[in-house]
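Letters A, B, C and D mark the chains in the order given here, with residues in each chain numbered from 1 onward.
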Amino acid sequence: MSFVLYILAALTVAGGLAAVLLKNTVHCALALTVAFAGLALLFLELDAQFAGFAQILIYIGAVAILVVFAILLTRGSETPKGSAYSHSPLVGLVIAACVFAVLGWAVLHSTAQLPPGTTSATPTVTVADIGNALMTRYVLPLEIVALLLTAALIGAVIVAMHEKEGSR
Amino acid sequence: MIEKADQIFVLLGHWLVSFLPAALQKPALVLLAVVAIIVTFPALFAITVLLERKGLGRMQNRYGPNRVGPYGLFQPVADGIKSLTKEDIVPLSADAVVHFLAPVLLVVVVFMGYAVLPIGRNMTLVNLDAGILFFFAIGASSELSVFMAGWSSRNKYSLLGAMRAVAQMISYEVPLLMSSLAVVMITGSLNANRIVDAQNQYTYGLPHWYIFTPWGFAGFLLFAVAATAETNRSPFDLPEGESELVAGYFTEYSGFKFALFFLGEYVGMMGISGLGTTLFLGGYSAPLQVLGFVPSWAWFIGKIMLSMCVFIWVRGTLPRLRQDQLMNFAWKFVLPLSLLNLFVAAAWRFMGQGFLRWVVCSAVLLIAYVVMARVGMKREHFGPRSYRYAE
Amino acid sequence: MAGPLWLIPTVPIVASGVIALLKQPRRKLASNLAIGSMVFSLLLSLVAFAHVLSGWMHGALVRETSNFTWIHVGTTPLDLGWVLDPLSAVMLVMVTFVGLLIFIYSTGYMAHDENYTRFFCFLSLFAGAMLGVVIANSILLLFMCWELVGLTSYLLIGFWYLKPSAAAAAKKAFLTTRVGDVFFLLGIVWLFGQTGTLLFYHGGAGSMETHALTALLLERSAFGLSAATAIGLLIFAGAAGKSGQFPLHVWLPDAMEGPTPVSALIHAATMVAAGVYLIARVYPLMQAGMPAGGTTTALSVVTWVGAFTALFAALIAVAQNDIKRILAYSTVSQLGYMMAGLGVGGVAVGMFHLITHAFFKALLFMGAGSVIHGCHEEQDVRRMGGLRSRMPLTFGTYAVGMMALSGVPILFSGFWSKDGILEAAQHFRLSKGPFYMLVFGALLTAFYMTRQVSYVFFGSYRGHAHPHESPKSMTLPLAILAFFAVALGAIGTPAWPWFRGFLNSTPVAFGLSGFDEPGLLALMGTSTVVVFIGLGLGWWLYGNKSPHADQPDVLEAAAPPIWNALRDRLYIDEFYGATVIAFYWWWAKVADWLDRDIWGGAVAGVSWLFKLGARLNRFLDANVVDGTFDKGCEEISVGGGLLSRMQSGRVQTYLRLLALAVVLLAVILIWSSRA
Amino acid sequence: MTPLSGYLLVAALLFAIGLAGALTRRNAILVLIGIELMLNAANLNLIAFWRYGPHPEALTGMMFAIFSIAVAAAEAAVGLGLVIQIHRHAQTTDLDAINRMKG
């Protein structure tokens, strides 16, 4: 239970909160990237180097940018006039709180029963190992994901494509 | 003696930290290295700026800066002082926080990239197992700062410039990655040092640089194009196209923040040329075995400066593209070719030694290049606008 | 050798299939494909021909077949197969060769047509089908290809389907030939029923071989005819339909609406000859039980019909003004000659005329096409004239063709082939009628050809266009055909009756002894005289003077009624119109009346009853059922409203419910697990 | 309290935050942002379990995380495309305004 974890957790949670609470949409997006960065650092803290960098590359490099683009394309960049929240936000909050309560309770309850011996032992996982695993044991999921990504790419393009005049 | 010259900085560092208690030595060493980087590359940046201004001047039949000091050698210093002392204007309607954070983030990110570059033998700040990936991840997040700068300025030129820049960076990041992947694939490692070591060997005194293989050569060209676009250098400098958007995403920046952007841009260029050097030009290894006595870091710096000169040369030579041409070029020409290059590299790997693979690989790449260029020209892929901003 | 024979028709068909897939702009490729396939077929045909020839040289009758069972219908197998014998070999070479020339010609003629590719698609499809007819050893296969040929002919006549006349002509051709084909089919079925085999030659078991034939002879049918005769007649009806024999000739002249290459290939050289070929193919059946030196009923019918057609069509041809119609009618009459030749003189005589005619008639048609092309789609001979100087090449070749057709002695093939027919007709036992008809026909032939040529090529030009010589691709085939129109005569002279020998596979030797036959020289003299009378007459009436386009024809001035009768094709079409078509019209009316008034009335009554019932029903509904039903509906809708309140259409509401559900589930899970 | 539970709690908190965002924000894009947060929380869980699980060398959790990252990228692309399309049709991204499916 290191000191770094506290900092990173604080950073991440702060970013997440900001992303959810801020009024200006673009600020939310930027805060989201902060959260992403925090998560990436958490991954690194967990010795998951590859996952961490992948997180940065994909989420900060791609998803965040996508979000920003979407915001600008939907003219969402200027802060909304009325309330930023939908009807009866309290209900939503309560429900979220319930979920957190359940999850937290489950976590604490279950980890309490965990045998304490299995915590240390830093795994030495090189990128090569990951590559091998991807190419051998997880090759089928890899292919499927590749297919999915292609489909998603095409789908996204078609969905967001600009209809020509008169087609609608 | 040669060994000493080669390792001079390492030894120096160790000597310096040796005064500290053992517990602090390791962090101190790191700190030292960081400082060294943060000092060295801005210095190079100053030289480059001078070089660029003078070189461009020559190319355009005029003297460059020649007033400050002998041959205007102190021009960068003057510029630095000027930009430091200038008033820092922040537009009233601008989003102050983001407006401030943008250049900082850029510079930070850009400098972070150097962490994994082997500047010389045993001169890698953090020898990461996934170094190249790290570099790209960091590079990707520089787009964010560009966007922040453009958006926070509340200025349509800035915004358009930023959107252009981001779109362009995203588009060219893909071929950049793809062309580097070939190297990674061949080396079998994402570790920069390993990649350099793989190239740092000689037959008949000639190096095993990847640029001296068909796929490596093609990959290097693609990488160079993508890198030029990635760093918004001409001919891909639309985001800063003075004729259309005053100065692109840092129109509203002045004083030190502008200087930071300036710095960030050039240091980023150096960083990415450092990556290119590492990937294709054998990193810090000497071009000929007989030149091995020259210290490795000198080679690395030399190669970086050389590529900077190329950047300058290109800027002085080529006209600027149009936005849709830019996009089509990325998606319809560079990306397919880099994908093909990946396959060719794989083929190269499995065609064993011998002469045949040279012929086959070069032939495939050459034919693909010619055909695609022809088709692209005929179909006028560089034709009507294909890219839209917010409607 | 018979094995790979199937390639010959298949290749053009495949080519046509490929062309059908081509896009409109790929014109060059399309024509090249078609021509290439034809070249291929021609080469194969030549190989086959050489094979047969060598066999004949060694004094053996070459008849190789390759048969296989196509499908079993119930237990009876339907056999297909192909045969290679002198007949098919000669026919193959002729069809492929003429076809190839006409293909080449078409590239020039159709150069400006936007449906170029379609044209070549149809053309090579036709070529394939025709070749299929030629090599067929199974009457079923023959019939299939026969119909396919009919189809392509229909498609090509109606090629310019935007012209109503063309569409009508296509329909007419299709239906008229159908009439013949129905009989043909009957014949086929009967033959199959009798002999139990579809194959012509099947090592003794074929329907054209003695075993089957004798059986057929013994079989009696209506009017005391032997089955052989009856079947023969039925098949001849089919042949008459295709070959435009009286009374089914009406479609052929109208078929000239199609593009000229089509007229040349299909309606002069090959398809119309298919009928003749069919008769030649089933000749054993036709002549089954022929007494020595005598003839059979079937053959005599063939003879009479042929001779009559020859004369009758020649008469009509005299009074036509459309350059292509003249040729069309002359084709009909020449086909009559062939039929008569088959009837009186056996296969060789008819086939020889078929071959020579194919060449010079194709030549004439293509010449006419060249003229039309040169005069910018002008077809009326009266609006031409003096083209001799304007298109010399066309004129030269056309003259050759014309002389071959009218049978100018010694030099031209037409003379020898026609002479063979006349000679055979002279020895016809039953009567001399056919002979005189044919002789008179020959005279008329010479006459109307002279008339046409002098109209078109002599005198002064009376049109408004600016005639010009046609491109190489059109004139070159003309030249080649002209050469053959002359040269082919050499293989059929009495002195060296090579062709006959080849077909009957009997050895031939060169020797003037061939002329010693009694009456042969006299006959040749007669025909020569006749021909020259025709030519002279024609030249005297029309030669070199150029009547104005609208002023009446010389003969018209002389005898208007006859002229009009001839010009209106002896009112055959009108006759059909007044009888057959009128009958159908009337019958259709009757059927319509029945439908409308009897059945229609009944249906109307029933429906009225139903309507009544429906009205009643509706009344009940409106006043009894609905009252209660609507109430129920309201109740339900009220209840539904409550439920639908939840369906707020807001995504987040759903999300919330989802999350809530998850929470509840988790809680339940945990609780249950603890308990 | 073990480090594992620490990470898990962070993940749970992040998940709850994301959920709250998704449930309460008006703007469709922000709802998507919330969903992204939830996904990331899940990733964190996976990685944490991988790290403190009995068999880290089996890489299972890591792989799941990587795959889910990849899938999340696709999800984001499609989702944002949909949002843009919705904006084109309804001229708004306000989820309360888009209730055409109201029963």
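Note that in this section a residue touches a chain if its C-beta (ideal position, glycine included) is under 8 Å from a C-beta of that chain, and two chains touch if they have at least 3 such contacts.
These numbers were taken from a predicted model, which means no experiment stands behind them.
Student: Which chain is the middle one, judged by CA centres?
Tutor: C
Student: Between chain A and chain C, what is the separation of their C-alpha centroids in Å?
Tutor: 76
Student: When the centre of a chain is set as the mean of its C-alpha atoms, what distance in Å lies between chain A and chain B?
Tutor: Taking the mean C-alpha position of each chain, the two centres sit 29 Å apart.
Student: What is the distance in Å between the mean C-alpha positions of chain A and chain D?
Tutor: 5
Student: Out of chain C, which residues touch more than one other chain, so two or more?
Tutor: 650, 652, 656, 659, in rising order.
Student: Could you list the positions in chain B whose residues touch two or more of the other chains?
Tutor: none
Student: Residues of chain A touching 2+ other chains?
Tutor: Within chain A, the residues that touch at least two other chains are 50, 54, 62, 69, 73-75, 86-87, 91-92, 95-96, 99.
Student: Considering every pair of chains, which are in touch?
Tutor: Chain-chain contacts present: A-B, A-C, A-D, C-D.
Student: Which bits of chain A are touching chain B when the two form their complex?
Tutor: 26-27, 30, 33, 37, 49-50, 53-54, 56-57, 60-62, 64-65, 68-69, 72-75, 77, 126-128, 162
Student: Can you list the chain D residues touching chain A in their complex?
Tutor: Within the complex, chain D contacts chain A at residues 1-10, 12-21, 23-27, 29-30, 32-34, 36-37, 40, 43-44, 47-48, 50-54, 56-57, 59, 62-63, 65-67, 69-78, 80-85, 87, 93-96.
Student: How about chain A: which of its residues touch chain C in the complex?
Tutor: 86-87, 91-92, 95-96, 98-99, 102, 105-106
Student: Quick check on the complex: what are the chain A residues that touch chain D?
Tutor: 1-2, 5, 9, 12-13, 16-17, 19-20, 25, 28-29, 32, 35-36, 39, 42-43, 46-48, 50-51, 54-55, 58-59, 62-63, 66-67, 69-71, 73-76, 80, 83-87, 89, 91-93, 95-97, 99-100, 103-104, 107-108, 111-112, 114, 116, 118-119, 121, 123, 125, 129-130, 133-134, 138, 141, 145, 148-149, 151-153, 155-157, 159-160
Student: If we count contacts the way the header does, which residues on chain D are in touch with chain C in the complex?
Tutor: Listed in rising order, the residues are 19, 22-24, 31, 95-96, 98-103.
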